[in-house]
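Same chain, two partners: chain A is paired with chain B first, then with chain C.
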Partner chain A sequence: MHFEYQIEGGNFTRAGFASSEIKKKLKQLNVDLGIVKRTVVATYEAEVNVVAHAYSGTIYVDFDEEKVVIRLVDEGPGIPDIEQAMKEGFSTASSTVREMGFGAGMGLPNMKKNADDLQVSSEVGKGTTVQITMHYQNPNNK
Partner chain B sequence: MTVQQLTEKLNLKVYGGKKGLGNEISGGYVSDLLSDVMGNADTGEVWITLQTHKNVMAIASLKDLAAIILVNNHQPEEDTLNQANEEGIPLLGTHMGTFEITGKLYELIK
Partner chain C sequence: MDGKYFHHALKFRKDVCIGCSHCMNVCPTQAIRIREGKAELKDNFCVDCGKCYRACPVGAIIVEQDDFNQIFRYKQRVALIPSILLGQFPDEVSLTQVSSVLMELGFTHVYEVEHGVEVLKNTMKNHVETHQEARPLISTFCPAIVRLIQVRFPTLTDNLILLKPPLDIAAAYYSKMLIDQGHDPDETGIFYITPCAAKIAAVKSPVGQEDSPITGVINMDFIFNKVYTAVKQGFIGKNTCQLPILDPLKSSGVMWSATNGEAAHMTGRTLAIDEISNVIEFLEQLENEENREIDFLELRACDESCAGGILTSSNRFYTVDRMKKRAARASKKEKEGNYRYANPGPIVQYRDFLEDNISISKVQPRSMDKLDEDISQAMKKMKRVHEIMEMLPYVDCGLCGSPKCSSLAEDIVQGEAEITQCIYVQKRMEQQGVMPAEQSIEIMKRIWGKEKFEIGAND
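Here is the complex of A and B:
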């Protein structure tokens, strides 16, 4: 199963839509609730990051028999130093975004904590791609 | 305890999401940082916050929270209220500040 969702930079009203759709599909597939919860946290944070930082983005979701791969590709400013961005508390979010309770520098760390596998690649001035992989059955369930 | 019982005991306003008043409460979480709630709150908890925008409902829904309590007489924004009704997640309010309402909630469900 393949799904795509569009994300509009700056439009917080739809943030979480794709995460909610993915949650429903995982539940239909009877995936363990703990794994569904981790998927939701990682995906929501990734969605919010695109809304908060990028101009636009697309989420590509592929469910196969063993796993779901969620790839968020955005057009945006990119991340100059990914290692720094992964650190808890580091944020470049605007004051408006912070006032909403986002931008506390917890997004990427939350993704790392919850995803089975997280890949982040970025090109400054072009955009960022985040790929989250979740296995339906994980013997090392976090 | 259900959300309905909680609203009666703490005299909370019910702004919307009445369909979920029968939700069972498993605990509470207090934070105004959305990523903190996303990362650390758990199913069935009541979330106490001063954030009134629509994203609180997205988080409550994604995390299967029992209800949200807005402190200090903060009013929900219109689209927040609409989504609370759509999702059936109770959106509650109190004149109390965060410290006071948290203490009372803790006493009731600890």
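Here is the complex of A and C:
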């Protein structure tokens, strides 16, 4: 099952819509609640990242019987140093974004912590792609 | 699907229901359908919030209560009253008058529920401070909220504070105290005067407890009418009350069931949210984030919390105002060191016993969203829901007898409805010449009852 959601850069009032839709579908599939929770936390974090940093983005979600793959593709400034961005506390968010309670520099590390698998690729000046994979029956459920 | 999960105090009277769907449209958990011109409840979706009861224009939804006369099966007949009850009456009606009428009606003891707060308050505060592993912690005070979390927000069940509410603590205290006074526990009946349906459901099928210490439940509107009639007719004047004066309730107890009543006593960052749609909106967001900044959440299903309970008679804003005045008077006496107010009530003599029994067991999630237990079946059904949604208008008109297009789609995949129930689908089929007008009328009659389609139906 394939779904797509659009993300508008800079519009925090709509941030979370896609995460809520994905959450609802995982609940419909009767997926373990711990996995639902981790998926939603990781996706929400990724969604907010796109809103905070990019001009626009699309979330592609694919559910099959074993897993869900969530791919967030944005058009934005890109991440120059992904390794650095993976470290806790690193943030490039503007002060306005921080004042709204976002951008504490926990984004990618928190996604990594919650996702079964996280792939990040980026091209400076073009955009970033984040791919979160979650398995419904994860023997190493965190 | 699954078997019946729990008891509902809200009952739909088919003989009175006119199938107007007002209840279906206000239900926050989409638990109501219209079939054959009557409202039907999906038991597993209902959280007993009572929104439907308020919306029904003909009184077809009733709150089932225990027969009042059952109190006489017991020698000791205890009325447990919440502070909301006194708040129903104008300022000049005293607690003594109210309890006098209760004694007149046949009770042998009257005790205010929120004395339980004296034991609960610090236990709960310590619990919030020591259980740092889950944030925010959510109060289990409101039974409709506990059920809402079970069915709609199952990932948050681990955040619930597993402590009994003041009602259960007060009931446990009173029955123990009567046993210690030499009364036979089989001859003691503890009756709760309830402001809402959710509390009845919680007594009849408790969550996280084997059974309830409460023997029966009496609706507050019934008691209100009895008491107010007696006061109005002058049977019980201020001077004719022969009742021993009740223990005074502490200011924190008076306000406990009002909005911010619990949150005001917890440490850290707290939020108090009332009214079920507000709660749903907040929890929807909370489920998405890893929010570790809020320590304590007080959530109540009714607007103005229990003062807005469906079995209350007085305007909820007046009720809260009267409770605040009462709390202010109590607080003044507490500060002045008034003997009866400044010292702990008799309930604290049982603190150890009550604290030993204060915990409830883990609250189990029971998601209403799941389409099937089996994931591959659920996947098939999810695909089907999606395909059906493509055919539906996203108008949520309710003419199909389901509250939303998405509820119809889910009902169809569960075999509980047909796509042709949608009026837009019918019109499309008529246009294509595949559904004669008579057939579409027949379908509508099956949903809304044939009477509504008779010419001059409302004459």
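Quick note on the criterion: the second predicted complex is superposed on the first by the 142 of 142 C-alpha atoms of A that agree within 3 Å, B and C clash if a C-alpha of one lies under 4 Å from a C-alpha of the other, contacts with A are read in each partner's own complex, and residues count from 1 in each chain.
We take it that a contact is a pair of C-beta atoms (placed from the backbone, for glycine too) under 8 Å apart; a residue touches a chain by one contact, two chains touch by 3 or more.
Because the structure is predicted, anything quoted here is derived from the model rather than measured.
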Clash or fit (per the criteria above) of chain B with chain C on chain A: clash
Contacts of A:Ser20 with chain B and chain C, given as first, second, both or neither: both
Partner chain in contact with A:Tyr136 - chain B first, chain C second, else both or neither: second
Touched partner set for A:Met1, first chain B, second chain C, both or neither: second
Partner chain in contact with A:Tyr44 - chain B first, chain C second, else both or neither: both
First (chain B), second (chain C), both or neither touched by A:Val69: neither
Contacts of A:Gln28 with chain B and chain C, given as first, second, both or neither: second
Segment of chain C that clashes with chain B, given the candidates 39-47, 183-191, 291-299 or 327-335: 291-299
Footprint overlap on chain A, comparing chain B with chain C: 16, 19-20, 23, 37, 40-41, 44, 110
Chain B to chain A touching residues, read off their complex: 32-36, 38-39, 43, 49, 51, 53-55, 58-59, 61-63, 79
For the chain C and chain A complex, residues of the former touching the latter: 154-155, 157, 284-285, 287-290, 365, 367, 369-376, 378-379, 381-383, 385-386
Touching residues on chain A, where the partner in the complex is chain B: 12-13, 15-16, 19-20, 23, 37, 40-41, 44-45, 48, 100-102, 104, 106-107, 110, 113-114
Footprint of chain C on chain A - complex, ascending: 1, 16, 19-20, 23-25, 27-31, 33-34, 36-37, 40-41, 44, 63-65, 110, 136
